[in-house]
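Should a chain be cited, it is by its letter among A, B and C, assigned in written order, with residues numbered from 1 in that chain.
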Amino acid sequence: MSDDIQTLIDRLPRLGDALVVTLELTIGGALLAVVVAFLLGFGSRTRTLWVRGPSRVVVEFFRGTSLVVQLFWIFYVLPVFGYEMEALAVGIVALGLNYGAYGAEVVRGSIESVPRGQWEACTALNLGWFHRVRRVILPQAWALMIPMLTNLLIQLLKGSALAYYITLHDLNYWTDQLRRATSDVFFSYTVGLLAYFAIAYLLTWAMNTLEERAKRRLGRGTRRPSVRAALRLAPDVGPRALAGKGVAA
Amino acid sequence: MTTTPGSAPAIEFCDVVKRFGDNVVLDGLSFSVAQGDRVTLIGPSGSGKTTILRLLMTLEEADGGIILVDGDPYTHEMRGGKRVPIPEKRRRTVRRRVGMVFQQFNLFPNMSVLENIVEAPVHVLGLSRAQATVRAEELLEQVGLADKRDARCTQLSGGQQQRVAIARALAMDPEILLLDEVTSALDPEIVADVLGVLREIAETTDITMLIVTHEMQFARDVSNRVLMFDHGRIVEEADPETMFTAPRHERTQEFLRAVLGS
Amino acid sequence: MSPETVWRWDRAWEVLPHLLEGLRITVLATVVGMAVASVLGLVIALAMRTPSRWLTVPLRIVTDFVRMTPLPVQLVFVWLLLPTVPSLVIGCTVLGVHYATYMSEVYRAGIEAVPRGQWEAATALDLPRSRTWLGVVLPQAVRKTLPGLGNYAISMFKETPFLFVISVVEMFTEAQKFGANTFSYIEPLTMVGLLFLLVSYPTSLLVRRMETRLA
């Protein structure tokens, strides 16, 4: 076991590199996903059919096909059409598009959850579309969105492990290398999984803090986010969980 | 109504205390209800009336004091000078004597009307399905819903659901029936139907009833005692006639003025 | 680049039977995986309701650990650890355990969605705890969990390609093999993508319909 630990220590610098790759994939993919989610989420709601239709189609397409297929398609097939992308870009694009499509449904659902009365009040005050979305609707929808987006973010992190199979030297790769060096499957993979868990935990913590801030701005959160609330890992399953959380008693 | 001399009171509260957080709802409440009594609890909201019913149904647990049903301690007892909780198995034998009808009916939506009524008799009293069904059909007849025996509960109106709920409670043959604002969630026209059913039950059985209601006329017709509560204490106690026409305590007068407008 | 040199229809038709072979394994893995996940998930959800913190806290940590770490890494881990166990068995089991962690949350929400009044009515009727669960709470809770179950089944169906990392020859691996042999990935990958879409999209519509019907 002490040999294993020694090998682990030797490989720590490479862990740093591997973590960078994984984080690049995750954060990059997440940013792209957010953009895609908002574009497609709003696109699915417009009245003009020629925007709404394609939006819905794109969303269903990326949700209905597998991430693995999408990733390998972009990696193997796109170059045939002349679009050579380096592996990292392929990973980010595949993750961003796939989870962006799921995110689009979250965005759409959250906006629709904002009570009708809010829209009607905006009309009564003669606020323009962009204005009302930015200042009234979005702040309320945002607080609803965050838990579900957190779930997607963690799934995105998990999906990033696929990048190993398109030649990227990410955390998954590092874990396998550690195994080869120590010949101890249990040790190396436990370390690797713990590393992923640590990243997931940090990301969840960050998102929870975001959520508490968003809710406080709406006057709905607790006065100060409790440590417990910020550190909680529990995912949310539906609007019910959202409605109950953080409401001042 | 008089109690048979020597028999234990149906319900007895001895110094019962109940707190919700910092709010002390019942502070050393003591009273008793005799067998066959029909007692109405009146008073402003928050005065503790519903809490008393919920304690009697073990939906809440008292923080102090002893509750006795038929002379038997219910959730806690005194053993060697200390107040100790009673294990669930013993509580169940006592709980069987108490039935409750809720404001929100609480029928089981995954079962039909008949299934709702036979569920407990079969699984708690050990009746055979056939026996329980016969009893259930009798009760449905009594509450006027014999033709709805196979309906889904969600297909019934509020008043019909509440009548099914009453039948369901009665199917267990309770000695004590608790009625917690059973008509408050119903449309005014339907209230009369449900009260009619309860009146009939009061007349044809000698079941002990503890009623929390705003329906003062019903209270006058059915009960033999009225207790006025305020801040967890009994402020006044009398028979319905006296209570409603000549209340002595100022708080009672205030309350009745507000509720009855007289 | 003319369409003929990029896409060859003959190859597209050629790969189809291979893909359908693989589809059988894909469906099998999904069914078995969901069976494991549904049962284990319910066990976890019920276990989390016990008052004993010695059970709930470690269970919570382990469940979170499995839920938040990558499926492909978990698959390789178990596969390397147990070389004598057939890959498909490992695949179904790991899929099942991984998704059980999701399902436990779905069950938890479903149970909590049963109104308190139902529990109170069961107490008023003096129903024993076992009967309260089996006759009143679980039937109502399960109805609320069915859409979640459906959605996760579809999700698992689309994640079966992860099994390629442990050499299970399901639909995607078939496509990969074909692509590697013919040096042309566009037909097999496109066809397999379409096949996934063809199965998962109508199923998701069915699940959405069920959601609105059960709401």
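The definition used in the following text is that a residue touches a chain if its C-beta (ideal position, glycine included) is under 8 Å from a C-beta of that chain, and two chains touch if they have at least 3 such contacts.
Worth saying up front: this structure is predicted, and the values here are computed from it rather than measured.
Asker: Please report the minimal path length, in steps, between chain A and chain B on the chain touch graph.
Answerer: Steps on the shortest route: 2.
Asker: Of the pairs B-C and A-C, which shows more C-beta pairs in contact?
Answerer: Ranking B-C and A-C by C-beta contacts puts A-C first.
Asker: Taking each chain's centre as the average of its Cα atoms, which is closest to the average over all protein Cα atoms shown?
Answerer: Chain nearest the overall C-alpha centroid, as shown: C.
Asker: How far is the middle of chain A from the middle of chain B, if each middle is the mean of its Cα atoms, in Å?
Answerer: Inter-chain centre distance comes to 53 Å.
Asker: In whole angstrom, what separates the CA-based centres of chain B and chain C?
Answerer: Each chain's C-alpha centroid was found; their separation is 48 Å.
Asker: Can you compute the centre-to-centre distance for chain A and chain C, using the mean CA position of each chain? Integer Å is fine.
Answerer: 20
Asker: Two or more other chains in contact with one residue: find those residues in chain B.
Answerer: none
Asker: Which positions of chain A touch chain C when the two form their complex?
Answerer: Of all residues in chain A, those touching chain C are 60-61, 63-70, 72-73, 76-77, 80-82, 154, 157-162, 164-165, 172, 175-176, 179, 185-186, 189, 192-193, 196-197, 200-201, 204, 233-235, 237-238, 240-241.
Asker: Under the definition above, what is the set of chain C residues touching chain A in their complex?
Answerer: 1, 6, 64-65, 67-74, 76-77, 80-81, 105-106, 108-109, 112-113, 148, 158-162, 164-165, 172, 175-176, 179, 185-186, 189-190, 192-194, 196-197, 200-201, 204
Asker: Okay, in this complex, where on chain C does chain B touch?
Answerer: Interface residues on chain C, with respect to chain B: 115, 117-118, 120-121, 123-128, 131, 135-136, 139-140, 143.
Asker: Residues of chain B touching chain C in their complex?
Answerer: Where chain B meets chain C, its residues are 57-59, 92, 95-96, 98-100, 102, 104-111, 119-120, 123-124, 168-169, 172.
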